[in-house]
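Naming follows writing order (A, B, C and D), and every chain is counted from residue 1.
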Amino acid sequence: MPEFSLQQALNLALRHACEDDDRVLIFGEDVGTLGGVFRVTDGLRDKFGEHRVFDTPLAESAIMGMAVGLAMAGWRPVPEIQFDGFSYPAIDQIVNQVARMHYRSRGVLSMPITLRLPSFGGIKAPEHHGESLEALFAHVPGLKVVSPSTPGEGYHLLRQAIADPDPVIFLEPKSRYWHRETFDPTEAVEQLPVGTSRIVRPGRHATLVAWGAMVARCLQAAELAAEDGVELEVLDLRWLKPIDAAGLAESVARTRRAVVVHEAPLTAGLGAEVSALITERCFAGLRAPVQRVTGFDVPYPSGALEDEYLPSIDRILTAVQTTLEYRRG
Amino acid sequence: MLVARRLDDEAIALQRQGVLPAYAPAKGQEAAQVGSAAALDLGRDFAFPCYRELGVAVAMGVDLAGYLATHLNLWHGGLYDPLASRLAPFNAVVGGPVTHAVGWAMGAKLDDTGGAAITYFGDGASSQGDVHEAMNFAGVYRLPVIFFCQNNGWAISVPTADQVAGGSVAARAAGYGIEGVRVDGNDVTAVFEATRAALDRARDGGGPTVIEAMTYRLGPHSTSDDPGRYRTLDDERAWAGRDPLLRAANQLTAEEVAAAEEHAATVVSRVRDDLLALGAPPAEELFSFVYREPTAALLEQQRAWKESLDA
Amino acid sequence: MPEFSLQQALNLALRHACEDDDRVLIFGEDVGTLGGVFRVTDGLRDKFGEHRVFDTPLAESAIMGMAVGLAMAGWRPVPEIQFDGFSYPAIDQIVNQVARMHYRSRGVLSMPITLRLPSFGGIKAPEHHGESLEALFAHVPGLKVVSPSTPGEGYHLLRQAIADPDPVIFLEPKSRYWHRETFDPTEAVEQLPVGTSRIVRPGRHATLVAWGAMVARCLQAAELAAEDGVELEVLDLRWLKPIDAAGLAESVARTRRAVVVHEAPLTAGLGAEVSALITERCFAGLRAPVQRVTGFDVPYPSGALEDEYLPSIDRILTAVQTTLEYRRG
Amino acid sequence: MLVARRLDDEAIALQRQGVLPAYAPAKGQEAAQVGSAAALDLGRDFAFPCYRELGVAVAMGVDLAGYLATHLNLWHGGLYDPLASRLAPFNAVVGGPVTHAVGWAMGAKLDDTGGAAITYFGDGASSQGDVHEAMNFAGVYRLPVIFFCQNNGWAISVPTADQVAGGSVAARAAGYGIEGVRVDGNDVTAVFEATRAALDRARDGGGPTVIEAMTYRLGPHSTSDDPGRYRTLDDERAWAGRDPLLRAANQLTAEEVAAAEEHAATVVSRVRDDLLALGAPPAEELFSFVYREPTAALLEQQRAWKESLDA
């Protein structure tokens, strides 16, 4: 089986999507000639031509507005916004237009748009290059939100997102772009439905819930915990909207304890939703309140402080210990 | 044009009678709206309205009760079919749909349909960043799109002089290397000609055009607005004298005008009946159209909502 | 004591703020000559002149960007964005600039900006005129967020917001603009610190948590419940960032049951944060999972469906019943 | 100018040595940056940079180690004092600070200080909606602000021809009824004169000016960029021949150039030492500067974080 980095797997997914459906269009800042600042669109312009894969002027709102118009004209747009923090200028188009055109038109107009958004931190980048916007997007009716944790997931989820008839925000964990893994993209894998999570490590003492780059970190924490005899289940949420409430409940019903881990600041982060969902569904069996291990309520800091900001293995294991030692009153 | 005026009058009346909760009158802008929309080829063109485009809907033959359904608070985007009628859904974000027209025009160009997009927006909307981004994109890609600005003198209470630096939206076009024309927006023939010329240019690969139609909102911004707070009666009267309908009527015989009035009355009465016959959407539709297929969370919320109704 | 509507109370607060501090500037679309579409700035231009109170061109991003520059030049800007849904075009400036300039400059540059934002639904308005953005804003480090529920609260909270050295998003519940109440603005009231909630009705069987227009609705529900002998405590959260976690915990520690009510859609709404905070702090004593009564995960609907969308007294009381009847497994 | 060039060289060297994680070279744009900033009156004017304005910082006498601290990943906004140095914090949002300059200029006008704002942005940034909104506001209010566009030919891989419809940012000014001038951005004297004229106009109430300085980014977009993917060596060589430093040096005697080099070497060595002496901010600063006073939630998070460190 061939080995792929996440960046290569995404590139392949885009290539296959363009081959399978000639209505797929790829555009954004520097995605054409340059192949994207992360090279995710590398080679696609040469292969599919400058009509299918093209550079735009530097304006994120227009990129998304153009996607709306293209979708109305029957195309399947796959725009890129170069970095998480630069999707803010496009939020109006995303929330007020992309997410609602299907609703507004009572289902007459489809918006099969996949916004690719290099996301999250961990690469000691400049300001605005390390943001986590999943809570914002997940709150918006009409959007779907997904983030892959591995190259294989990246390939299949991106294909699924592009094939989906609704707008999907595809959050690429940029700190994992160069992480390699073997998988066979030609192999027909059983595609989990949109909105399904995946247990990436079974365990019975507590469930760690994560997505994007935090999945790998949780797996590391789980390995360390295993050395002490603590068996942690790691659940890759994958879809952040719709959220797999049933999957969360199934896991925590077994483990009776949960820790949710994300990079975004604590307050009003998606961890709150995960915590509320688990508590609503598992309250009777829950042995401890759901713990949240997250970024702090501060702007995403400069490289010098990044490691302190991001959920560390230590902080994850401290939360695990807290939940395991929790005694009701 | 007369249909648009009479239907506009009727909508205001319906609002006063408490039938329509609110309405945004188009009075005074009929020549700009009808003249431009009449130039479109509905077989291949597509129009992107804001929220004050009754005349466009009339000229395009859109289901008018469906169009007015927005103001009846039935459905935000209206109840007409945007694909069949070639008119995008009613859009309340000032400047919001302008980039959509650019995207649509790119799609039409890629498909080589010969179709062009026209996007309607106001003098106020011209201040929005999106309008600039749209013009720049259209200029870079040389897309078949018409930026049709109805400069009606006001953005709610703010006059054009305090809104549009330099005073002319059409003059902005030169900065993007695209055509810009200003036209007497109360002269329906002039508007029609300018739009047709822009459409021809668009179809010939000549790229986008900005048309600034100089007109005047004779009524209030909306039925809850009080223009007396920000403009004088004299100003309104001066423009009332330039009413596009009077101008058009002057070109017609008394018989023609009478026939037009009769036709308008028939249409208005039919649309009125259709409108009043429109029921509120069934309450279950609260959960519809969010996605192609409802999510598990939505189905669960719908079930809980139904239970609370039955409780 | 004089009687004021919320709209009048806010107008008075702006007037007094302008009188007390000649660096206060008021601007936005139609706030000058017209006095605002809700007349909240009525008469202020005549009183303070067109340099202190002025209309802007129609561009929300520039309104907030201008506020940043004015703050850097030592002014105290109080911009208005005309409606909730039109703050999306300004989100980039609010999140990437307003919220961070103090941080970015290591405290050298202050951003004492109060953004007034007519918010929430309930008036059967057109699309984009009924949105609840508190979850989005509360997630952003550097912002404070507050919403008044009564004219008196409106007066004092707006004065407090304008006096605050940090950026405050002031969410005005537009369905309450015309609601009248007597209070004495000249009276020196004990000002609760920023981030403090207020118990507006004491009770012992469960706590209803709400803000903005939902406070009045919860009070109505509480009155009905009282007829059946159920005593509901109603907590007006007031500040949505920082959230009064201690106040929430104090109340729910007593009542042992909580229902949070808001207009925004359920998923990733601020109710999730309230639920998580309460659960984290009161788990041992909690008798039932925190219930959420919220808008549904759909775009804010047209007037015809608005009453079905908004939390009704029935839905609130059903949730109360659920929490009261809850039995652990 | 030479200080800017030599310090830029040094920053690139430091990046290669692994000291700076990344850097955005200003090479080739020194005349535009130094020439414009030198015209400012630091007693009353204020400058708003993006992320490639080393020459501006040099000309304004900003603490250069503090400026470069951003690239050392110490603090996003830099470690210089923006109020004292009259240079707003380093800003990585393309187009983001342009409206700030407009607001600042309005503040200065209200205070009648005679001060003017200058905002630096690129050809790429000119596509952003914020830049349009800023120019329109500045035009409506006739504010003392200079929109200084460094048209360096590229926005990462996208050439100006595919970015700026119409080809000229300066030409956009006419659409706002404001002054627009294009200047040879590699001619330091021409840039200085154009900026001084714009400043004079601003102080006299003549309103805003757009200056488009035509220049070229001789280096990569950033140290992680590979220009070979999108432009030819020939293109780079042609522009290297128009290097603003060579142009300036031609005006000077060999002795003057040597003295300037000596001065630059001294400055560079001092800045280098200062930069290397800058320690990382203490980890507790993770919780600082979010608000004037930390909230209870932040204090609690800080406490938990400290405990996890001690654990």
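Everything that follows uses one rule, which is that contacts are C-beta pairs under 8 Å (C-beta built on N, C-alpha and C of every residue); 3 or more make two chains touch, one makes a residue touch a chain.
Chains and their UniProt names: A, C = Alpha-ketoacid dehydrogenase subunit beta.
Worth saying up front: this structure is predicted, and the values here are computed from it rather than measured.
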* Identity of the chain that, by mean CA position, is farthest from chain A -> B
* Structure fact -> The distance between the C-alpha centres of chain C and chain D, rounded to whole Å, is 38
* Structure fact -> Cα centre of chain A to Cα centre of chain D, whole Å, reads 34
* Structure fact -> Residue numbers in chain B touching two or more further chains are 75-77, 93, 127-130, 133, 136-137, 140, 162-165, 290, 295, 297
* Two or more other chains in contact with one residue: find those residues in chain A. => 57, 59, 61-62, 85, 89, 92, 96, 103-104, 127-128, 141-142, 243, 267, 296-299
* Taking touching chains as linked, do they make an open path (line), a single closed cycle (ring), a hub with spokes (star), an all-linked set (complete), or other? -> complete
* Interfacial residue positions of chain C with respect to chain A in the complex -> 61, 85, 88-89, 91-92, 95-96, 99-100, 103-104, 127-128, 135-136, 138-139, 141-142, 241, 243, 264-265, 267-273, 275-276, 279-280, 283-285, 288-290, 292, 296-299, 326, 328-329
* Structure fact -> Within their complex, chain B touches chain A through residues 46, 75-77, 79, 81-83, 88-91, 93, 96-108, 110-111, 117, 129-130, 133-134, 136-137, 140, 288-292, 295-297
* Structure fact -> In the complex, the residues of chain B that touch chain C are 21-22, 51, 70, 73-77, 92-95, 124-125, 127-130, 155-158, 162-165, 229-230, 280-281, 283, 285-287, 290, 295, 297-298, 301-302, 305, 308, 311
* Given the complex with chain D, which residues does chain B contribute to the contact? -> 127-133, 135-140, 162-168, 171-178
* To do: Quick one: which bits of chain A touch chain D in the complex? Just the residue numbers, please.
  => 29-30, 32-35, 37, 55, 57-59, 61-62, 85-86, 89, 124, 126-129, 266-267, 296-299, 301-305, 308-309, 312, 314-315, 318
